[in-house]
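Next, two complexes with subunit A in common: one pairs it with subunit B, the other with subunit C.
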Partner chain A sequence: MLSDSEFEHLRNLSKLELSEGEINKFKADFNDVIAFASQVSKAQVDLTKSYFSSIKMEDLREDMPKPSLKQEEVIKNAPNKKNGCFVVPRIME
Partner chain B sequence: MQYDVVIGLEVHAELKTNTKCFCACKNQAGSEPNTNCCPVCVGLPGALPILNKFAVEQTIRAGLALGFDINRTAIFERKNYFYPDLAKAYQISQLVKPICVHGSLRVGDKVIPIHRIHLEEDAGKLVHGADGNTLIDYNRGGVPLIELVTEALQEPHIESAEEAIAFLEKLRQIYIYAGVSDCLIEKGQMRADVNVSLKPKGSSTYGTKVEMKNIMGFKSVYRAIKYEIERQRDILDDGGVIEQETRKWDDDKGENFTLRTKENSQDYRYFPDPDLLAVEISDAEVERIKKSMPILPDELKARYMNEFGLSEYDADVLLQFKHVSDFFNECVAEYNQPKNVCNWLTTEIMARIKTETGAGPILISKQNLLWLIKNVDDKKINRLNAKEVLSKVWGTNLNSEAVAKQNNWIIDIDNGALDGIVKKVVDSNPNVVAQFKAEADPKILNYLVGQVMKEVRGKASAADVMAKIKELLG
Partner chain C sequence: MLELGIVELKNLITNKKTTCEALTKAYIEEIKKSKTNAVIEVFSDAIDLAREMDKKIAAGFSGKLAGVPIIIKDNILYKGHVASAGSRFLADYVAEYSSTVTNKLLDAGAVIIGRANMDEFAMGSSTETSFYGPTLNPLDTTRVPGGSSGGSAASVAENLCAASLGTDTGGSIRQPASYCGLVGIKPTYGRISRYGIIAFASSLDQVGPLTKTVEDNALLLEVLSGYDQHDETSSHEKVDNYTAYLNKPIKGLKIGVINSVEAMVKGEQTEQAYNKFKNFLVDSGAEIVPVDINNMELVLPVYYIIAPAEATSNLARFDGVKYTRRSPRAKNIEEIFTMSRGEGFGSEVKRRIMLGNYVLSSGYFDAYYNKARALQYQLRQEFLSAFKKCDVLVTPVARGEAFKLGEKANPVDAYKEDVFTVSANITGLPAISVPFDNGKNGLPIGMQIIAPHFSEGLVYTVADYVEKHKNLKN
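The block that comes next holds the complex of A and B.
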């Protein structure tokens, strides 16, 4: 079960504003998702072995450039653009 | 009260590669905004990162240059944070298994232990406008970046602003010589985060760390550290407590202020990036890279001093800029008079290329410079005239020999004729000769040398002329 403070932490990280109703709905959904994913822990696995797959360094991508997108394509879907750049509200840390 | 200062550094350097870390867009500064971008760069849904082999190789090279162990398995994680310089809202980085672990760097008499070097992607560039908006250019987003972190809990530590700068300068020199990064500081290719803590002198318990991120330029790093040490010393002397926090250095004001405290510290929620496989690095690959390592500054310095007999000062001047020591090496390979070549480079050439922030290109060919050095050594042109030739040839496609001939500066006067002129000058200046005989000060003879040089229009070696005059006067 997700505690209220854990849920609030996640909401905060996601930068979401939620109404009281949405909070209850998402909290329930979240717990369902966690319960579903938790089934994995019942699997019988040998923890002495590693299960991740790997790639040999030799087989990685060669350092050869390929054409990029055109600037207008890159910013095409931006709601706000200027001088070839994306424009967003100023966020200062 | 007396304190021990403990300084930790995190140094970011942009790698020199053709393409970005996780896509085939160009790794190239100075392009029009958002022209080196693809779906991976701007985080479009479904775009998949594909790791650049050479970025891994360059990271290994940086590690080998600093004596690191190379992990045989490297894993990439997602570092999640929400800020518009990252379109995906996470940065691909390394946490658990970085490429390089346990290295060190010698600064003066200290060998500073280094914890790790990992490979990650750089973020896009934000330009904050006065209108309350921010412009984003993702060209830099995805450029391969290595992050080096010094060892936090292992001695010896960096203990002063001076040592921190020495560390950064040495590291920069090694990266440049190893060919892993150009480290142009004004272009943000090398950036440092600094953490500072103080503890009572001799205490084995570390103090609370305060971090300052992304300080631009070594001078600012120096000032920021000095300031932070003083700030903490004042607080501790007054019986206060240091807060664990991140502070922002304001270079204009020369002070720092709280950016983030421990309570609202970032939660990056690292987890292995499911889009990227772990990378297996074989012994054979590490060996191959080891064999391709260029000669590094410490080794060159030893060669300059031990084999060539240069002073430590001269060796350091030559090594300060890689293109200067490269040029020196090429010249010496062709004309084995290292001291003479060094003198020309550290004086005449350095004077012409040194700028406020570094050094510009050498605007004379190896052949043209060597012609001058050799002919001065062979007394075929006098030093002053040779310097004149250098000035005329510099930045042009003129030829040293042609310029010397054109100006009639090649010494072709024969010994007998020179003897005659020396005798004539000595005979016509009896007062000077008398003064020399009375005072026995060789400086008095400089006047006679000058007269002879005027007669032969500089086409003789001043040292030769002086010797002849002395001989004549017994």
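The block that comes next holds the complex of A and C.
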């Protein structure tokens, strides 16, 4: 069972505002989901062998700069912008 | 005419029996009349582009998709067009660049006529989690089309386009293909560039085509595949001429069946079709080879640890600063994050972000994420060993026919939908869904063919044989 404080910690890590209804529903569902995922814990498996990748390191392209999107294109979809920068409320007091 | 696939439509256009413009207009009319909510938006430039394509064709252009109208899933970027991944968060997001697959479609002469509905950020198996509301299955509108590429599948099944693109992270192309009676492939991880695809779980995501026939599918995969310098996980492996693998016998082919899958199929709606499928393969001269895959029953929990862990990281970029949406209530930076995300994401997305943070958080990381990664490695080795005994593996695609809207309200019930499909994503193997039978409600049931990495050609040989011979032997 996930405690209320653990749930709140997870919500904070996830940076999500949740409604009262969502909190109740998620708490109820979450224990089912965790129980489902925790089936992996019973498996006997070599934890040292966990990495694989489909990419061969020798296939990597050269690390050279190439033309990319312009600054105004990159920030075009930002909800608030000024002089090519993102605008956010003051962070330092 | 609208019921035709790519190859036939292209012939009609080449032989001047119709034009790309006429075809595009006819599809758009059908989309306007449609009640299934398969298509979120018809692109306003589609008819103009179709007209230009007709001029190019008249001047001698003969790309593989010359004049063929296609629909793309809402998580595939197309410069100057909205791509929202079925989310309220990105409802106003206009792509500043095109994905590699979009460019490949356009270069081959396709006209992209619109974007298809999907589960929000591809998280779902029914297209019910979309911000735009559910898509209905055109074969039975009380049922789901599957998901997350449900709009892509429904739009082809309802003849709203010649073919479509979907993405598949845990079965999101193959399961809707099965539910809508189509052919859908998840290629080998790395076969197709992911550049310009809104990411869900980057180590599992692949783009793939949904089509009416195996031939159309092979043709479209030829267009989409290949290394891309914008995606270093795309492969340098040579792209095969997939259409050359069609019209071949399967006599003597060794077809593996997984012993633990036999047990999972018992009592499911798909059991009868699966047994019939194995008999069909034997009657066709193939040899059935039973194989063991250890820990196969854990592939689903492994998936539901790895996929949310990656999603948590990928969706962190949606923070109220960079992408279109910021909560008007937010007064400080913390509120910009939490309120924008709280308002912008739907419940399933929030649930998976939290699950991902749970399995990655200190104290649980080794028990969940590390264990899942180790199991992923082991499962991959098990599949590779199985391919020493057989040429391809077969399983059902889904547990049965398309289910009713609202039927899978419990998240774990919904997750179990993916039981037969996730292994191909976890192992990176290519897998196709090909229509084979109908269930007790008369709705289609697809069968899955899985092959070794980069053996899409072999997948198509078997799928094409099934498509052409199933009615003769059923």
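What we mean here is this: the second predicted complex is superposed on the first by the 73 of 93 C-alpha atoms of A that agree within 3 Å, B and C clash if a C-alpha of one lies under 4 Å from a C-alpha of the other, contacts with A are read in each partner's own complex, and residues count from 1 in each chain.
Just so it is clear, contacts are C-beta pairs under 8 Å (C-beta built on N, C-alpha and C of every residue); 3 or more make two chains touch, one makes a residue touch a chain.
The structure displayed is predicted, hence computed values, not measured ones.
Participant: Give one of first, second, both or neither to describe whether A:Asp29 is in contact with subunit B, with subunit C, with both, or with none.
Facilitator: The answer is second: A:Asp29 touches subunit C but not subunit B.
Participant: Please indicate which partner A:Lys82 is in contact with in the superposed arrangement: first for subunit B, second for subunit C, both, or neither.
Facilitator: first
Participant: If we overlay the two complexes on their shared chain A, which of subunit B and subunit C does A:Asp63 touch? Say first, second, both or neither.
Facilitator: A:Asp63 sits against subunit B, while subunit C stays out of touch.
Participant: Which partner chains sit in contact with A:Gln71 here, subunit B, subunit C, both or neither? Use first/second/both/neither.
Facilitator: After superposing on A, A:Gln71 lies in contact with subunit B but is clear of subunit C.
Participant: Comparing subunit B against subunit C, which has contacts with more of the residues in subunit A?
Facilitator: Looking at subunit B versus subunit C, the one contacting more residues of subunit A is C.
Participant: Return first, second, both or neither, reflecting whether A:Ser5 touches subunit B, subunit C, both chains, or no partner chain.
Facilitator: It touches nothing on subunit B or subunit C.
Participant: Show me the subunit A residues, by the header's touch rule, that subunit B contacts in one structure and subunit C contacts in the other.
Facilitator: 13-15, 52, 54-55, 60-61, 69, 74-75, 80, 86, 88-89, 91
Participant: Which subunit B residues qualify as touching subunit A in the complex?
Facilitator: It is residues 17-19, 24-26, 32-39, 41-42, 50-57, 73, 75, 80, 82-84, 127-129, 132-138, 248, 259-260, 267, 269, 272, 277-282, 285 of subunit B that touch subunit A.
Participant: Quick check on the complex: what are the subunit C residues that touch subunit A?
Facilitator: Contact set of subunit C toward subunit A: 93-94, 96-97, 188-190, 229, 232-233, 235-236, 295, 298, 301-302, 304-305, 312, 316, 319-326, 330-333, 336-339, 341-343, 345, 347, 350-351, 353-355, 357-359, 361, 366-368, 370-378, 380, 410-412, 415, 428, 453.
Participant: Subunit C touches which residues of subunit A in the complex?
Facilitator: Going through subunit A, the ones touching subunit C are 10-11, 13-19, 22, 25-26, 29-30, 32-34, 36-41, 43, 45-52, 54-55, 59-61, 69, 73-80, 86, 88-89, 91.
Participant: With touch defined as at the start, can you tell me which subunit A residues reach subunit B in the complex?
Facilitator: So the residues of subunit A in touch with subunit B come to 9, 13-15, 52-58, 60-66, 68-71, 74-75, 80, 82-93.
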